[in-house]
Amino acid sequence: MSDPLLKVENLRVEFQRSDGIVYAVNDVSFSIAPGETVGVVGESGSGKSTALMALLGLLDANGRVTGGHAWFQGADLLKLNRHQLEDIRGRDIGVVFQDPMLGLNPTMRIGDQIMEGMLEHHYASMKQAFQRTLDLLAEVGIPDPPARFRNYPFEFSGGMRQRVMIAMAIACEPQLLIADEPTTALDVTVQMQILALLDKLRRERRMSIIMITHDLGVATNFCDRIIVMYGGKIMETAPLDEFLHNPAHPYTIALFGSMLEPDDSEDWELHPIPGTAEPLLEFPQACPFAPRCSMAQPRCQTEMPQLRLFENEHWIACHRAEEVMSRAG
Amino acid sequence: MNLALFIGKRLLTILITVVAILAISFIMMRFAPGGFFNSATIASGLGTLALQNPHLYQEYLQMFEKQYGLNQPLWRQTLTYVWHSLTFNFGTSFENPSVPIITQLKTALPISALLAGGSIVLALLIGIPLGVIAAVKRNTWIDSVLTTLSMTGQAIPSYVLGVIAVLLFGVWISGILPVNGWGTPADAVLPIVCLSAGNIGVITRYMRSSLVEGLRQEYIRTAEAKGIRYWHIIWRHGIRNSLTALITVVGPTFAFTVVGTVWVENIFSIPGLGTLLANAFTSDDIPLAITSVYILSLMVMLMNLIVDITYSLLDPRVKLR
Amino acid sequence: MPDNALLTVEHVSKRFKVGRRVLHAVEDVSFDLPPGTTLGLVGESGSGKSTLGRIVLRLIEADAGRVLFQGQDLGKLSQEAMRKQRRYMQVIFQDPLASLNPHMTVGRAIEDALIVQQIGTKQERQEMVDEALRKVGLSPAVRDAFPFELSGGQQQRVGIARALSVGPRLIVCDEPISSLDVSIQVQIVKLLKDLQQDMGLSYIFISHNLGVVRHLSDTVLVLYLGRVVEHAPARELFRNPRHPYTRLLFDSILRIPKSSATRRKFVAIPGEMPSPLAPPPGCPFHPRCPIAVDKCKTEPPPLVEVSADHVAACHLAG
Amino acid sequence: MAAKTLAAPPAGLVRKTKRPRFGWWSRYRRNKLAVFGLGWVVLFFIIGVIGPWIAPHNYAYTNFLAANQPPSWQYPFGTDSVGHDMLSEILWSVQNALEIALGATFISFLVGAALGLWAGLKGGIADQIVMRLVDFMYAFPTYFLDLILVTTFGRGLAPIMFAIGITGWAGYARLIRGLTLRLREGEMVEAARALGSTQRHIMIAYLWPNVRNSMLVALAFGIPGDLTVMAGLSVVGMGLRPPLPSFGNMIAQAGTNVLGFPWLLYFPAGIFAITLLSFLFVAEGLQEALDPKGGR
């Protein structure tokens, strides 16, 4: 296997809140190979988005990285100063956010917003940037680029705005695209269009994508490898086929069970995961999922399960992984 | 085209407003205790002249009766008055019947306009940078000092600042800046500073809150993710939007400033419209009082129109009504 | 028309004025809802599904058509009679926090429903509040909490408890789970199903999520630009969708594949939903329809019965 | 302890996180300036009530033999050109100032609330009319209307209060209209209607608690504004007719005499300025402490 494009080791992120410190990301390690698409799946509060924003220095003011490394192009992203990070953001790593309605500056023409990044990174001259912007608009499927260049965001539909956001993110041909719930705010038919666009772009540009999503359906159909997060920790990670065939963490299995798919089986019995995910106000010493886990044992309440490697690059953080796997198999 | 229609509409609104104000003022003054607009009041207004030059006195009296149609029914009088005012045919004041009001306005108006305009420009020049600093350094001691200072500027009216300035520069450290009269550029310094304090406060605080709010928007994160430099983000995605929004507070600020001009002129004995207005009201010189109110209001409304037009040109989302 | 229906909606239309233009929010919609059953109302944003839900509750007055609830024409009821009738028709909103008064405790919020309907004495109401909380799986201890102190799932349970407390027969659920986490969604769906079984409730379930609709609904109504495009029993619709738009919706569902080989191929569907301010002539779906013919561009297709109880508005569905 | 991180069992219990304190006072107290302002305002109110009783002299008492005296034990704040004791003048002025400012603010608020509610609840034409009026009043220097009104109705307490009140409602109308409109179209009121609430019940149980705080803050901002206008009338010689004591007259008088008798300025202007600031600090403090976002 080739060298990873990005390698994250033991990342920790905390947030300072009025009621104490929230431990949002705890010892998260993962890597992504060039051209690979990784899906990071989890519910709100799982730390999936926080972990990736932390790498780019895009945490809210009350958040800070308290440990770990993130190797990218020979440098540790977490050790770079603001200037160096600004150079990498948008040029080597692009980001697409969830809400295209709020993500664009309402008083700036969309063409200018796309050009802005290229000019800032001295990626292109004014003239080149203008031409490239027109090309980009066409590439992301916006008809009549010269006219649309002059439009303001309020003149676009939600789907079209997300296309603009994508054009902005890929303008400088980054090697890595981080897509943070890029389709969550969109209608289902528009979601398909956006995913098709991202699919086309990654094939044509051989770009790595980290897809952050709460939707297992999106992750499993779009990604080569899945990372499941809960309570600021990675619960399970495996290449797609292994993940689909042998899901081994009780949380993953519960997530599969939570998919409200319109299947035609007659078994209508739903088995919800009980309880809710709570923010971690103390550094976790035990499995964060244990309180909601149907398989939890006394050990799970006291001892933190480590991420262990099984066959087929399958990593699981569960004391009872072996039992789950043998039962499923 | 659209813009022309908008301006036309607004000018019409201003016209209607002005007519309403003139008519209401006239009628109210007409029925005020003592009934100003009758021969008797005018006679008393001209008081001393009756003794000094009875002939001229009679002449003036007839002139006023003709100007205001005092023998006609009220509605005719009102219409006549409104029409005269709209056509800038103000006649002469009671106190100073030999000088037409328009001549007095011609010297007074530029002074007031200079004070008001100068104070707004000064307030923008100081208020905007202070607001930006407070927003960028939000929740630090710099922010709280600036916020407290701007609150102070906002709270203390220009006439209090004015008398304090007179005390300061007239008694304690006299000789540096003049505190009385009008003529040299130095005379304008203290009035303009006192006038702008309130506006500096308003602008600083508005700029701060609008920029803090702006920097909290999602699109700031988008810009950060594009790798835009910090200060470029502050400028392009923060300050520019806030400046556009700032225009909306300049409108009310202008009304406030024009009133402040009246106060400050009186404190510093500056022969502007404000002093004219104050003298007119205190000496029951009704023609001059209404006229100065009319001119000052007109100034404010036209400024607001300009502000609205500018705003609509700057913010693409604003549709002209 | 079955005369045992709890709710009958007949040819309801609603238009809004937006500036000088007219937004056709709901166009000529009819359906029945038998007691104890669920109607799924499906469509994308701008389809008019929420407006239709509010018309049923008479939170919005329809421009045309009528709504019969328990045999009464709601449009003809006086304000006071309508107010009394609301006891039997309740609503759950998408954003539970926005629908609760931040200055009322949970207990007070639920009790308010009872006070408004003049149910019970103060003592009895306290018991009824506890009972409602228990029914939705909350401990009576939450009574004294303010809504913002609860999690999203708990807030939605409070919303459900408030609706339940007055003993309704119909609950309109307006996207009640779309702002919740996946695991909480399942909890709420299960809760709604259990409540229906225990209390014989009828639901109108408004959602853009076909999976949820499939799990809850007996019949499904698909809306596009305010018009009914297809209406059928849930199982029939999911097995045999006849309208191209319904099929497009189904195609947009991302099911978890069995293996990487069976993953979805992402093919772009052309076009976007037109603005409801300017719906296309003829069949509103024709600009995006893969099988549209000339007739579709000019002639609006009528709703025709394609099989028993299954209607679709497509020239080519017959 | 790991217990704190444990989730509640099946949707059962309330979260065990600390409940943010609802009491606004605990948040208000953190703002030192606001606490100072409140102290001063309370003192101001007390003097407003008892001022005339504790004043050593009547405001109209003139003693030409003691004219223009600098501060001394006998006249702590000095005397003016006709021998008024400035301390007594100030003590009496507080009452006038408060009467006018509170009265005017109340009148403005009533008019603004009525128009704002009408516009917000009715919408349509009513809204159009009110908003046009508000736009106009906002951009128009209403101080000039005050001058005309005072000229017509006289320079007494009541006319001045009425004039300032009747011209100062635009801000309240705009605020209340905005709040009602937002709430009326919000899901909370829709939910209340769906429960079968009467219009009256919605107003009392849903709208009022949610606009209460904003109104209180607006009133707190309104009082210093009206004080400023009130004294501003005196600056052009159209304030309370002397010998009625008022801050405006004292400051305007001092302005003309400041070169010879500066003490005539220190106390009235100083106390007036601190009072205005204090009211503003209180208003700011209230806004911060009552801000719904601050509490939840």
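Order of writing sets the chain letters: A, B, C and D. Residues in each chain are counted from 1.
Note that contacts are C-beta pairs under 8 Å (C-beta built on N, C-alpha and C of every residue); 3 or more make two chains touch, one makes a residue touch a chain.
Only a predicted model underlies this, so the values are computations on that prediction, with no experimental measurement involved.
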Message: Using CA atoms only, can you tell me which chain is the most central one in this structure?
response: D
- prompt: Looking at B-D and A-B, which pair shares more C-beta contacts?
  reply: B-D
Task: Could you give the separation in Å between the centres of subunit A and subunit D, each centre being the mean of its C-alpha atoms?
output: 51
Task: Report the inter-chain centroid distance for subunit B and subunit D in whole angstrom, where each centroid is the mean of the CA atoms.
output: 23
Query: If you average the CA atoms of subunit B and of subunit C, how far apart do the two points sit, in angstrom?
result: 56
Query: What are the residues of subunit D that contact at least two other chains?
result: 10-11, 15, 17
- prompt: What positions in subunit B touch 2 or more of the other chains?
  reply: none
Message: Can you pull out the residues of subunit C that are in contact with at least two other chains?
response: 151, 153-154, 187
Message: Under the stated contact criterion, what part of subunit C meets subunit D in this complex?
response: 54, 57, 59, 82-87, 90-91, 93, 95, 98-104, 112-113, 116-117, 137-139, 141-142, 145-146, 148-151, 153-154, 157, 159, 162, 166, 187
- prompt: Of all residues in subunit B, which touch subunit D in the complex?
  reply: 17, 25, 28-29, 31-33, 148, 151-152, 154-157, 159-160, 162-164, 166-167, 170-171, 251-252, 254-256, 258-259, 262-263, 266-267, 274, 277-278, 281-282, 284, 289-290, 293, 296-297, 300-301, 304
Subunit B partner contacts - residues on subunit A that touch it in the complex: 56, 58, 82-83, 86-91, 94-95, 97, 99, 102-108, 116-117, 120-121, 152, 154, 165, 168-169, 171
Statement: Within the complex, subunit A is touched by subunit C residues 44-45, 151, 153-154, 181-187, 189-190, 193, 208-215, 235, 238-239, 248-260, 263-264, 266-269, 272-273
Task: Mind listing the subunit D positions that touch subunit B in their complex?
output: 33, 136, 138-144, 147-149, 151-154, 224, 228, 231-232, 235-238, 251-252, 254-255, 258-259, 262, 265, 269, 272-273, 276-277, 279-281, 284
